[in-house]
Amino acid sequence: MKQLPYLQKANTPFRDRDVTKVADIIHDWNGDKINGVGLIGAPLSKSSISHSGACFAPGTIRKALAGYSTYSIEEKVDLAEIVVQELGDIMMHVTNISESQNRVYETLSQLLVKNPDWLPIVLGGDNSITYPSIKGFAQAKGKVGVIQFDAHHDVRNLEDGGPSNGTPFRSLLESKTIEGEHLVQIGIRDFSNSKPYYDYVNKNSVTVYTMKDVRRMSMMQIIQESLKKLKDQVDSVYVSVDMDVVDQAQAPGCPAIGPGGMDAQDLLDAVAFLGEHSVVEGLEIVEIDPTVDFRDMTSRLAAHVILQFLKGKFKKRLI
Amino acid sequence: MKQLPYLQKANTPFRDRDVTKVADIIHDWNGDKINGVGLIGAPLSKSSISHSGACFAPGTIRKALAGYSTYSIEEKVDLAEIVVQELGDIMMHVTNISESQNRVYETLSQLLVKNPDWLPIVLGGDNSITYPSIKGFAQAKGKVGVIQFDAHHDVRNLEDGGPSNGTPFRSLLESKTIEGEHLVQIGIRDFSNSKPYYDYVNKNSVTVYTMKDVRRMSMMQIIQESLKKLKDQVDSVYVSVDMDVVDQAQAPGCPAIGPGGMDAQDLLDAVAFLGEHSVVEGLEIVEIDPTVDFRDMTSRLAAHVILQFLKGKFKKRLI
Amino acid sequence: MKQLPYLQKANTPFRDRDVTKVADIIHDWNGDKINGVGLIGAPLSKSSISHSGACFAPGTIRKALAGYSTYSIEEKVDLAEIVVQELGDIMMHVTNISESQNRVYETLSQLLVKNPDWLPIVLGGDNSITYPSIKGFAQAKGKVGVIQFDAHHDVRNLEDGGPSNGTPFRSLLESKTIEGEHLVQIGIRDFSNSKPYYDYVNKNSVTVYTMKDVRRMSMMQIIQESLKKLKDQVDSVYVSVDMDVVDQAQAPGCPAIGPGGMDAQDLLDAVAFLGEHSVVEGLEIVEIDPTVDFRDMTSRLAAHVILQFLKGKFKKRLI
Amino acid sequence: MKQLPYLQKANTPFRDRDVTKVADIIHDWNGDKINGVGLIGAPLSKSSISHSGACFAPGTIRKALAGYSTYSIEEKVDLAEIVVQELGDIMMHVTNISESQNRVYETLSQLLVKNPDWLPIVLGGDNSITYPSIKGFAQAKGKVGVIQFDAHHDVRNLEDGGPSNGTPFRSLLESKTIEGEHLVQIGIRDFSNSKPYYDYVNKNSVTVYTMKDVRRMSMMQIIQESLKKLKDQVDSVYVSVDMDVVDQAQAPGCPAIGPGGMDAQDLLDAVAFLGEHSVVEGLEIVEIDPTVDFRDMTSRLAAHVILQFLKGKFKKRLI
Amino acid sequence: MKQLPYLQKANTPFRDRDVTKVADIIHDWNGDKINGVGLIGAPLSKSSISHSGACFAPGTIRKALAGYSTYSIEEKVDLAEIVVQELGDIMMHVTNISESQNRVYETLSQLLVKNPDWLPIVLGGDNSITYPSIKGFAQAKGKVGVIQFDAHHDVRNLEDGGPSNGTPFRSLLESKTIEGEHLVQIGIRDFSNSKPYYDYVNKNSVTVYTMKDVRRMSMMQIIQESLKKLKDQVDSVYVSVDMDVVDQAQAPGCPAIGPGGMDAQDLLDAVAFLGEHSVVEGLEIVEIDPTVDFRDMTSRLAAHVILQFLKGKFKKRLI
Amino acid sequence: MKQLPYLQKANTPFRDRDVTKVADIIHDWNGDKINGVGLIGAPLSKSSISHSGACFAPGTIRKALAGYSTYSIEEKVDLAEIVVQELGDIMMHVTNISESQNRVYETLSQLLVKNPDWLPIVLGGDNSITYPSIKGFAQAKGKVGVIQFDAHHDVRNLEDGGPSNGTPFRSLLESKTIEGEHLVQIGIRDFSNSKPYYDYVNKNSVTVYTMKDVRRMSMMQIIQESLKKLKDQVDSVYVSVDMDVVDQAQAPGCPAIGPGGMDAQDLLDAVAFLGEHSVVEGLEIVEIDPTVDFRDMTSRLAAHVILQFLKGKFKKRLI
């Protein structure tokens, strides 16, 4: 019925013919071979030690992402030319948490094995998805290095609560999915970790940059050192961003907020740099609880982190 | 890729095989002849005298509606058998309010003329959409009677601000779209209207039930009287629900809330009754501002009003 | 500069030439003899046992009041003809609470003695202002009867915290400002008062209607009984409304909210009735904390209570 | 150090020597035989189908309860004489939901078997705790009847999500823990349940009072009928209160709020009546999510429900 | 009545005899020739592309401003000696947005033509007021240069929505009100603008400093360069501050918030510097939506921006 | 009853055997001689000029503190070895503010005189407690120097409101409790203080570092200068932290928030440095109002400030 020029799909946002939105470059996956970047949601947060609505974060990050323009005026590159696949969400089980975690692993590993050219961006969820995600990633990629932005080591023992958002790196190390020397933790914060866990990561040869290191060195120096250390030793690097690495004033929507955190710009710069390297083949963002955020600020920041990653990849013609 | 049993569209809600949700009976309109009930959004609130986010209400009402089950245990009827068409939203102009109002009229009248068997449910938006909506409705239906649930007469002069959410019934009467004796106002509230406007509706032979009338008579008596009065005089009856007719404790998300309002159950009963009559061929819900509501309570109530209307229609095999 | 037709005082609300707002009948007092109703604010809440922002209530009640229309469609009376004096606020001391209470007494008594035709409406503040207010009122009026709408007796001992919002009726009775048989308490709630205080009011011959009484009798019966009992024994009746008498769902902005409270309509009906009697010469509203309210609902209800009082007075030509 | 008269335990509330608070009659359990009423928390809500913070409700209900006075002015009884045992919370597992549910069963059954004179008041948590709670209760009590206040049947299939807050009565019936004819559901709401589940409860001879029944009959009639039906057939009656049975305006803090619900006063009256009967030996309150409530209104109502239960018991000298 | 020492105008704040507040130096304009700084409100936000309550910002900025002290301890200057005129608000039309914009133009141009010594501070409102404001300003001032602090170019096409908050600089350039080389945009942000619009400003010789420039250069260098460039080419410089130039953590109350923005201190320093130059003769602040702000933080920052401007002017004896 | 392995005290948080929480090192004081650090609450805020809920801050700071781990990864020290005494709260009078202030003095002075080895950490409360706290401190310590982090001088006259949160340093200077040259004020902010008060502190030889000084010098330089100046002239140094010294984006929960404030990290660094010196023997934190904070951010920062103090003390073996 052409006579109805004003009738449109419900909730259609305003469209300016001269603006390309990120929404315009995200396409629902049709099942074909995936080439380049693709988003996948892992909306699990029942595994969190404290109450968390991180299961809602894939939704809020996607919404924030969709609203951005595709153009980087800083680098004069326009993402309008690329396509980002939207793979959807991994369905979580209502009452069986380990089943949910296994679904993350199964889905990631199957997808990656069949689609070696897929650059996954995993939208958590809480930090417990990191273990099955990276396990799935490693299944397809071989020897994996991880650069983890986090206020916490996340190597808690598994006896006191099972595989929670406090344990993913313990599981990764214990299961030999990754080796300690292939893990770099950046942004570890004072009074937010215990001595036994610091001893544990040390014993496992994990590289640790505390917030004191971040304040005293430049982020570029840290990230260059980190990548340099990893890139000759591993087949692929996965970047894990726990948004609570950022200071509470700039990322107010994480379950475990606090002062003394990283400046958001440092995180943005680091991820853009990492995106520029072909060895970096995966990114995840975890630990945003939109139910306690202010105006989705933390999801907006997460979306910007993703854009920095895409910008890096695009600048170097990696996508 | 059948190997991915857990990958699903983003934001898919939990599904219980034994539950039919209203979401399951709402289908996007494919452009064919419309038969039965269809939803259409009119997300306009720049026309409001006071700041209003009523433009977001079509979205929140739809979301609340989708989450309900289809089964009425009170009447032992299951709406699972029917189909509700989703026509989408009428696109509003960013800076030209009268153009937006005209789009409501154009879209409604064209649709109704071509689809005489469509039972429109119009989701406002503010009360200013009532004039173009009913004008469009009348275009197709002939002589129209209106049962208006409202705390206010909404017959303000048009000199002091143009066609706003305070003027729709003034416009309808002045333009002879409807006649005063074919308008019934239920729920008019103390200290919420001026004497000149009461004199105006009186002079125009509008039937008015104040909240004092509502408290002293039963709602069933009022609504039966109202419908009886209209049904032999008009070709079709349109039900206009300004949610601010309900008391502020039960409909906290309207721009103009206050005490002394109608009990929500009375509104629900009245609309179910109206739905049972074939002469009632349209329903609109206006004046919900989700940005000031508490937990979308008012949109939940609006969705329930719609279900009562559907229940009435379905019980009498009118859909 | 007549060339500037659109320049107006900051924050001027929309004006409709056909609507008289309550704002239009409230005039700042010029210091002349006061005749009729006048508002006065007593913004004190540091005297509260629990943290309270009731000091902000005079502001929010005035704002809600100003926005109402003057016309009562239920009674077909228009308050547009009367003038309500705005006397302003009594300045509170920053750190000396008893000085603040004394200022309430001094100001009220001086004003009332010089203006015997003033019908004061006192806007609290917390319930501690009731003692100095009524003491000032009694100074001018002689034997005073009080009808108190309240969930609590408010006769706490003065040893455990001094003259707080829990003690006003203890002070009034102990100081013989009023006699127990001239006090009627309506709406006293279960599990919100202690046995010793119930024994105390009983011993002092106070009339008590509990919420069980309110649920089982009609409010009209209670209020008629109450006024009948008082009017031959006293020179003047003062109505004290602690908004926490109303159920938490309808008056969510009181410090001490709870379920099982009075229906707002009952309060509105009662005050309208009281307003119709010439012996009723004062009204106060206390215990609204706008900082914890939802959309100023409780202040809106308070403003409606005031309008009911004015409606009663105006209907009987008492103003 | 007696010289420090003003130093007290942190967070000590104001104390009035003439007021007994419910806090004063609640004592931490010392491990001795329990006689009379005792509170126990089951802070589980990871089992909920939709995101829920019901795990925080034991805390907010206890806080609301502690703040009430012990005196019922309506019935002239003072609970100051009784002792309520505080047993504490059942520790939940971080990532194993069925283990958590089993802990509820183990703890309840062990406690009840050893303490036959304990009248448990179980503070949920979501509705999934109902199955292990009643299973534990039945272990000690024999044939159990249940009076369930709920908007929902809660008999979902277990295939689509495991033992969640939607399945407890399915589990109770399937496991023969209770028989269908010993279950009474009061307050079942329109468009909130599916036909297959209504058929299921019918087939199992469950007694159902819908909200239409509640609106048309008096609550006293319903509750008397219900208890009469049960008391000769069972050894013990357990009262399960899902707070979402109450209308959204009065219980805004439940995950599944909606209009058309029960009036809070009806629930309060019903529980007081039930408390008066010796066959009623257990009470649970579930489905309050304090993170979405307004000013803990729903927890305040829950605390009042508990007081009504205690009032009934105390009036009849059952405690 | 001198006997009433404590009766004062409602809502009078605490007064300390040794403190001069900004409120004390703001005087309602009496219609005489205006000399020096004067505030004028343009409460328009119906012109915004996305829902905006920026119409409330003149009120919140004024309130924040009034509460500051007049003394700058950093520069040892006291604004107590100056007078700031309060001209009031421009009345907006309820339903005719272009009429409202025209009123801004008419009022500004008339006032400025008659009062060449007026230094206007325009309080928006959304960014759409910038076109009529500067058009009015240019009417009186001749060739105008603009320094725009903004995350966005705001040069959208006018076809897709008319003169909105996304189009003001397009309108200014297209209408030749200002020339491209007389426009400096500072703070333009990544992924917040499209390539076509960047091409457009480039083609028009607009000077653009992106956030990358801001991070790499000092703000002082940027602002000195900017002013130097303009001051010999234009008769007068107007400073336009869209508060969304500031990072979301420091200006959370703008409609279009995001990470990667300007540090508030940089904006404060820049405006103080600009205030020191006589060629800078106007300032506007736009795009604050107080309904979504946190504790009026963004309005507090806006008020501080105004004070920096006044400080600069006062230090150089320009007022 | 050992059979109940899962029954635990209500509200017990999750415990990880490998983590020591600060909660684990805080012990309720048993009345013995106090050695080392001890917390004491002064929950007074009725003394504030503007409405303040600072009385709740001792509770929120304690809660934030309890949740931190004891391990400083930055300095590789673990506070697990020390004990922090919890002395409780000083009971405030309900209606007598000067009595409350006197209780602070009496309690502090008595405790300190008897426990010279106690390092008090005083949790306000508003800034009015600073006068009685330091007066009590001085009673025991002799000549006292104060390093005050504050946006305000807090030397208001006492005539206009009595001993409020604006007057403590006036009272300390006037009463000769401390001398002006022994007071260092850091972080004094523009447009937040009056010229007469700046003149007053100057006349009294107080050392003032404005925010301009803080921006231009390094915090380490300022704090070293400050301590150097004091340590030879006084017997003991007391650190007073008014949290409003920090910028509003990082400390949003202070009554008097604003832009242009100190970076939180500077405060943290300064307090850690001060903690390292034996002459620093007391710390207080004031002016946090948790009722207006966002997610207790400001209390979390306060807790971190306390940990920095402890870290300094512990590193130097001062505790």
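We call the chains A, B, C, D, E and F, going by the order they appear; numbering starts again at 1 in every chain.
To be clear about the criterion, a contact is a pair of C-beta atoms (placed from the backbone, for glycine too) under 8 Å apart; a residue touches a chain by one contact, two chains touch by 3 or more.
On a predicted model such as this, the values are computed, not experimentally measured, just so you know.
Common neighbours of chain E and chain F under the contact definition above: A, C. The chain pair D-F and the chain pair C-F differ in C-beta contact count, and the higher one is D-F.
Averaging C-alpha coordinates per chain places the centre of chain A 38 Å away from that of chain E. Those residues of chain C in touch with two or more other chains are numbered 14, 49, 94, 160-161, 249, 294. In terms of inter-chain touching, the protein chains here follow a pattern that is not a line, ring, star or complete graph. Within the complex formed with chain F, the residues of chain A that make contact are 49-50, 156-157, 159-161, 166, 188-198, 208, 210-212, 215, 247-249, 252, 257-260, 292, 294. On the chain D side of its complex with chain C, the touching residues are 14-20, 22, 68-75, 78, 80, 249-250, 264-265, 268, 294-295, 297, 300-301, 304, 307, 311. Contact residues of chain D toward chain F in the complex are 1, 3-4, 6-12, 14, 28, 31, 40-41, 58-59, 62, 86-91, 94, 103, 106-107, 110-111, 114.
If you check the complex, the residues on chain D that touch chain A are 46-47, 49, 51, 53, 55-56, 93-98, 128, 160-164, 291.
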